[in-house]
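First chain written, first letter: the chains are A, B, C, D and E, and each begins at residue 1.
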Amino acid sequence: MARKKLLRKRPHRKIGAPPGTLVHVGEPSQEPITFDLVTYDAEHFSEVTFGIREVNRCCGFDKGRAVSWANINGIHAVGHIETIGACFGLHPLVLEDILNSDHRPKLEDYGDYLFLVMKIPFYDKADGFRVEQLSLILGPSFVLSFQEKSGPLFDGIRERLRSGQVHGRAMGPDYLAYMLIDAVVDRYFTTLESIGDDIEDLEQELFTAPGTKTLEAIHHFKRETIHLRKSVWPLREVIGGLQRGDSKLIGETTRVFLRDVYDHTVQVVDTVETFRDIISGMLDLYLSGISYRTNEVMKVLTITATIFIPLTFLAGIYGMNFEYMPELKWHWGYFGLLGLMLILALGMLVFFRIKRWFGLDHRLVQNRVFR
Amino acid sequence: MARKKLLRKRPHRKIGAPPGTLVHVGEPSQEPITFDLVTYDAEHFSEVTFGIREVNRCCGFDKGRAVSWANINGIHAVGHIETIGACFGLHPLVLEDILNSDHRPKLEDYGDYLFLVMKIPFYDKADGFRVEQLSLILGPSFVLSFQEKSGPLFDGIRERLRSGQVHGRAMGPDYLAYMLIDAVVDRYFTTLESIGDDIEDLEQELFTAPGTKTLEAIHHFKRETIHLRKSVWPLREVIGGLQRGDSKLIGETTRVFLRDVYDHTVQVVDTVETFRDIISGMLDLYLSGISYRTNEVMKVLTITATIFIPLTFLAGIYGMNFEYMPELKWHWGYFGLLGLMLILALGMLVFFRIKRWFGLDHRLVQNRVFR
Amino acid sequence: MARKKLLRKRPHRKIGAPPGTLVHVGEPSQEPITFDLVTYDAEHFSEVTFGIREVNRCCGFDKGRAVSWANINGIHAVGHIETIGACFGLHPLVLEDILNSDHRPKLEDYGDYLFLVMKIPFYDKADGFRVEQLSLILGPSFVLSFQEKSGPLFDGIRERLRSGQVHGRAMGPDYLAYMLIDAVVDRYFTTLESIGDDIEDLEQELFTAPGTKTLEAIHHFKRETIHLRKSVWPLREVIGGLQRGDSKLIGETTRVFLRDVYDHTVQVVDTVETFRDIISGMLDLYLSGISYRTNEVMKVLTITATIFIPLTFLAGIYGMNFEYMPELKWHWGYFGLLGLMLILALGMLVFFRIKRWFGLDHRLVQNRVFR
Amino acid sequence: MARKKLLRKRPHRKIGAPPGTLVHVGEPSQEPITFDLVTYDAEHFSEVTFGIREVNRCCGFDKGRAVSWANINGIHAVGHIETIGACFGLHPLVLEDILNSDHRPKLEDYGDYLFLVMKIPFYDKADGFRVEQLSLILGPSFVLSFQEKSGPLFDGIRERLRSGQVHGRAMGPDYLAYMLIDAVVDRYFTTLESIGDDIEDLEQELFTAPGTKTLEAIHHFKRETIHLRKSVWPLREVIGGLQRGDSKLIGETTRVFLRDVYDHTVQVVDTVETFRDIISGMLDLYLSGISYRTNEVMKVLTITATIFIPLTFLAGIYGMNFEYMPELKWHWGYFGLLGLMLILALGMLVFFRIKRWFGLDHRLVQNRVFR
Amino acid sequence: MARKKLLRKRPHRKIGAPPGTLVHVGEPSQEPITFDLVTYDAEHFSEVTFGIREVNRCCGFDKGRAVSWANINGIHAVGHIETIGACFGLHPLVLEDILNSDHRPKLEDYGDYLFLVMKIPFYDKADGFRVEQLSLILGPSFVLSFQEKSGPLFDGIRERLRSGQVHGRAMGPDYLAYMLIDAVVDRYFTTLESIGDDIEDLEQELFTAPGTKTLEAIHHFKRETIHLRKSVWPLREVIGGLQRGDSKLIGETTRVFLRDVYDHTVQVVDTVETFRDIISGMLDLYLSGISYRTNEVMKVLTITATIFIPLTFLAGIYGMNFEYMPELKWHWGYFGLLGLMLILALGMLVFFRIKRWFGLDHRLVQNRVFR
């Protein structure tokens, strides 16, 4: 499985640079950056996709329609991000944060616009949990969204706007921002569902066939959960802040919807905490289970050894070569000894059964060893 | 035992749908939906049960008497829920939440009405703990309650209203809502009592006959408790919010009763936390108990082996076939060796007893092995 | 030891009853209910004890003297409690709570009077920790106290009032309430002292002779502590609330004394938390101690086996019956082999001593096994 | 080591006494009580030591100079404490608290004066951690300090006042109180340093020669730390309260110094919490270390047994006395078998080395067993 | 590895000294103290480095340019620090804190200037984590920074100011202070990265070759993390306080930048907490892993012993020397017994495989022992 980074790294070349220096922080990418621009109001809708070189075309689009939404796929072209920043009058620190894909989810109110950082979650069993960053800027008549890569996350929203459903189109950019946030939170639900399924599989394994692999997997999930928490708890804060906040950019109607999406993040957080509890319980279970099985193994060894070691000793006695050993001459000596040994062995079994020491092994005797 | 879901799932077809889309989320059900409508004031009382097809008849009933209470059994008919929503002027998000049976308990104040989500708990040993959702809407002269299935939970309340007891009938819909909430909270008490009994049984088993089954059961109860907490803590918040809140829909008289039911939820939370503490202690106990018993088993093995292995070695010595072994010729060599062995064995037993190493096993010697 | 209830039960017959229904919840009792009525001011003092049948006589006593104190022993007579409630104008929910002996400590301000629920603690080693409920009502000129059973708890207070000590008599009912609360809190100190002594005994046992009994006792005390916390934490809240609260029923002078008793409850809570820490540490100690001893036992076994098993093998070699085994003919073969065995055994002991593996057992070697 | 009391005891004779009854609570002492009285202002300084019988002489001293400081060594003479209380107009509850040496650190504002309880820490390895109580009263022109025993704690302050350093003498009683508090907090630093050294020694022992003594010592330090916390956390609250509080008895200049001493208590609390973390980690380490060593021991046993038990079995085979055992006649049978045994033994060693099971013991093989 | 101090020591000679006494607390140093003085405004820039003897020259520089920054390398010359304190009118407690290198990060507002204490982190694998103290004073037109040793930490900032970048020079001393703080926080990122790498190495070792060294390393990192937390949490408070605070010394523009650096400290804290979680999980993993391997070892021993001990017993039987043992005469007795033994051994292997007890070892059988 892919190794998680413990750390959100700020690259070395960045350290020591003056604040506000625009540097892309994240995996370098060769993918061409594209951006699509959607403008609409209740009656109209237009949609264009540009290559990043035409970035300055997005500046002119700001006016006209009620809502403009520019979605930028790819954040590794510093210069073009700077151009967009200039168009919309963004603070240099905002641009710096957009470029840094290792940011914690946060909400900042710059007066004229709100700046949100969120994490889009991805999970598959092989690669584990990872996130991509989504930066949102909500202005009075525009929404900017910056994703690390292009993906189908917002296709549904685009489709809905295109089809002219009442709810989407008649409302302002705050409602658009809400829809984007809702799409991200929905993604957490599906992600958590996948993780939950894998945890249940692991739990199954824990009871049926635990081994070192299980231990590694528990550890792996523990780290996944630590990662999840790091993106989920601040997300809750962010959306909670958005809903309670007093920015005039968010209308009363939208606020009700944000309360709803806030409820969803609370559920997400709840689920992540449940995962945490369950995984931490699994480690205890593993240890207890191993100890129990060691105990079982020890009992088998102890019963075998305690029965046969004295018998072997007896056989050893009569294997000695002393000249004067009267028992050896007895005609029934051999069979008598065999009988004695049998009685001893049975006696010990009975002894083990009767004593409370053995009462604890009741099931062992019945189900495991002598069955 | 039935496997608990870690996750409150939002179904896949829902993800990506626009907010406010009405979709039933939960187990599909074929049970016919019914609803009963009760209207009353201090002097009058009427009660009718309809099939869901006659849902529009509930709209007309809103006026007239002081209090109208519509109780809908079954939430899987999206269209009819929509009709009811339209009658009473409910927000689309409220309808969405009513239809989604995986919701966290919550309280929302929509000004004209209050919207509450609660969980009705069910428990039996075979199936474990599960919940059904109850959505309550408290309006100025009506109460709507939506249950996932019909059940006898509110029969007592209906009976009390019917019988014309002063307290119930003379008061407004807020008092009716209080009675419904109180019925749910009472249900938690009986549920917790059943779980508590099963935990005590498990505890008994832990001390008398622990095994892998016990371990699984502890794990099982741990998960039950995680589930319980998830429905109980928000319930406390909900009722606390209701009692402290400043909605004009709740009168001063009813507020005193809500404070009482709030006290009850605090007790419920207390009990659930107690369960949690006890169950987490049980896992430690299990591990300690296993370790102790492993230690006991090891001692038996060690005592047996430490006594007999050297003796067997001695017997082996005189079983050798060297030509010149003078002891073998001695007349009393054999019996002398037997005597020596006896002395060695006794010496070791005494040694074990005297040494502090053995002092720790005091009880083992007395009660377990040599008794 | 008596089994603790995990749960404060609301009895089944109560569930489903309308709120405010007066039902006694608790152990049924045949003890006759009595109540004593004390009235006093700085100059006068009178004291009467009635059977519960004369309950209506307490109503008339309310006026006249500065302070009237009715102490009711026994809460299982619903009707009479109702009579008292009517006399003093108590809310039905207050009466319900007085009758329910499974209540959490709480403080409620009903404007005209304050209602307090506290727990009187009892502890002895055989029965463990249990509580009885004390309900206090502090009115403008009266104090009502409801105990589950008659007991000597308040005898000292009565004596002090009788003897006309200045502090007690000249002050209002708030000071009387303070004295009652102080008596309850003092009882916690003596109770905690007894529990503390028993915990120290257990700790002693843990180091000298740990066994399964010790484990059960640790578990037992853990549950006692859970119980203690459940009555002690809310008690602190209650008294804290009383002291900080702004009820006009409590004078400034008494408030200073309440601050003092609040300090005492903080000490009680502190001590209970200390118990918790110590008991939870004991379980870890137990496990570590057992593991250590298992390690010691294993070492004895390993040393014995590692020395004698190879030797026995050697003896076995020369016990074989091959026709051509030249060593068997050697005259000094036997003694030579014995010498070899001795050298081997000593060599192994030296080896164990020299190696670091053995260095860890330094003390074992010196004090335990070879001493 | 001296056993710590789990509990701050209120003596039995006190329980049931009316509040404000003056009783000395603590170890009885025969030491004569003395008190010294220091009065000074910027220009003057006088210092007298009295026996406690002359206690009434301290009353007249209150006026005249800017600051009077009476330091009483010994609190076991109830009557004299009462006399002092009368002189300075102290509340009976203050006197009660001064006499009770088992008090929690606290700060109480009685308007005319502030009342502080602090703990002076003592530690040596043999007796462990213990505290003595210091009660401070800060009035408008006087400071009273009550210690359980006389000691050199305040000698430095007295010296500084005597020598007429500007800072000390020119300022009011609030600055004197600050200096006393600072002396106590400084004492915590030296105490913590001693404890820290002993913890490091223990840690060393944990890695080099762990045994049951180590376990007891860890437990001991755990309890010390619980004790430390109980006096340190409230101390922080007390000084924090003093610094933030709005008592007019504390001037602005002194408040800055109190902020500094508050910082120091925060460091003390930090250090105590660090101790706690480290000690709780040590128990885990101990357990892990023991388990590791058990594993090592088991491996030695298993390797020995797994190699020699089959070989011994082979030797046993050819020690049998069957008449027809053709191998016994073979001329090279004996040496052939020896060769076979050698091959088997080497094979097993190689097998253990090659298999991953053994790879885990790499170091065992290299460093411990076969070195 | 270098041993961490548990304690920030106040040296003994300091204890008992009057408050405000200037004493250097920290490692004594022979390094010459230097200080460099930078003054600049948007147009001008000058930079001088002095030896500490010329310390009084820094007093005159305060006026003139917009911003003066004096950076003092070395705090072990009490007298010169005092001179600087006099020049800039610093409170004696500030000087005391600057000299004491064992201080907790803190922020104090003295009205005319802000006083900050921060820790500069250092880490390498050999020496572990350690910190040096940085004291910052932000006045209306000057910034003073006191470092324990000279180092390259602020070289980048000096370079930026020198090169006349707009952002740095045109702004006031608050922006300079921000740049210094940012440099320190950036250092935490690189430090955490190094620690994170070493933790990952350790984690690798935990799964591949755990031993006592691993245990010591886990313990080591646990202590490092405790140290880290102690400098990181208060740092967050300090910067949070700075950003939220209402000091007029910090302009609105700089506050936005401080919010950004505050975000970074939150990330630092997050990462440290992640380390803590992971390290505490590693100890559990270690214990579980050891237990698992002990179980594996025990199984090998038990299987070997359980198969061969009964066989050896059988061989022992026919090694006895009884005169009348009819089986010994049977021609095929020997081979018959061999056959019987083979059947027994195979039977036991099959038995182990079939039984569920063995099912748990499935992998052991396949991969480890019989592979």
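What we mean here is this: contacts are C-beta pairs under 8 Å (C-beta built on N, C-alpha and C of every residue); 3 or more make two chains touch, one makes a residue touch a chain.
Note that the structure is a prediction, hence the values are computed from the model and not measured.
Shared contact partners of chain A and chain C comprise B. Overlaying chain C on chain E by C-alpha atoms takes a rotation of 145 degrees, rounded in steps of 5.
With centres set at the average Cα position, the gap from chain A to chain D is 41 Å. Chain geometry summary: the mean Cα position of chain A and that of chain E are 25 Å apart.
Counting partner chains per residue, chain E has residues 287, 291, 294, 298, 301, 305, 309, 312, 316, 319-321, 325 touching two or more of them.
Contact topology of the protein chains: cyclic, one closed ring where each chain has exactly two touching partners.
Tracing the ring of inter-chain contacts outward from chain A, first into chain E, gives the chain sequence A, E, D, C, B. Chain E makes touch with chain A in their complex at residues 156, 160, 165, 167-168, 178-179, 182-183, 186-187, 189-190, 192-193, 196, 199-200, 207, 256-257, 259-261, 263, 266-267, 270-271, 274-275, 277-278, 281, 284-285, 287-289, 291-292, 294-295, 298-299, 301-302, 305-306, 309-310, 312-313, 316-317, 319-325, 355-357, 359-360, 362-363.
Those residues of chain A that touch chain E in the complex are listed here as 3, 5-10, 12, 15-20, 91, 93, 96-97, 103-104, 106, 108, 209-212, 215-216, 219, 222-223, 226, 230, 283, 286-287, 290-291, 293-294, 296-298, 300-301, 304-305, 308-309, 311-312, 315-316, 318-321, 325, 327-334, 337-338, 367-369, 371.
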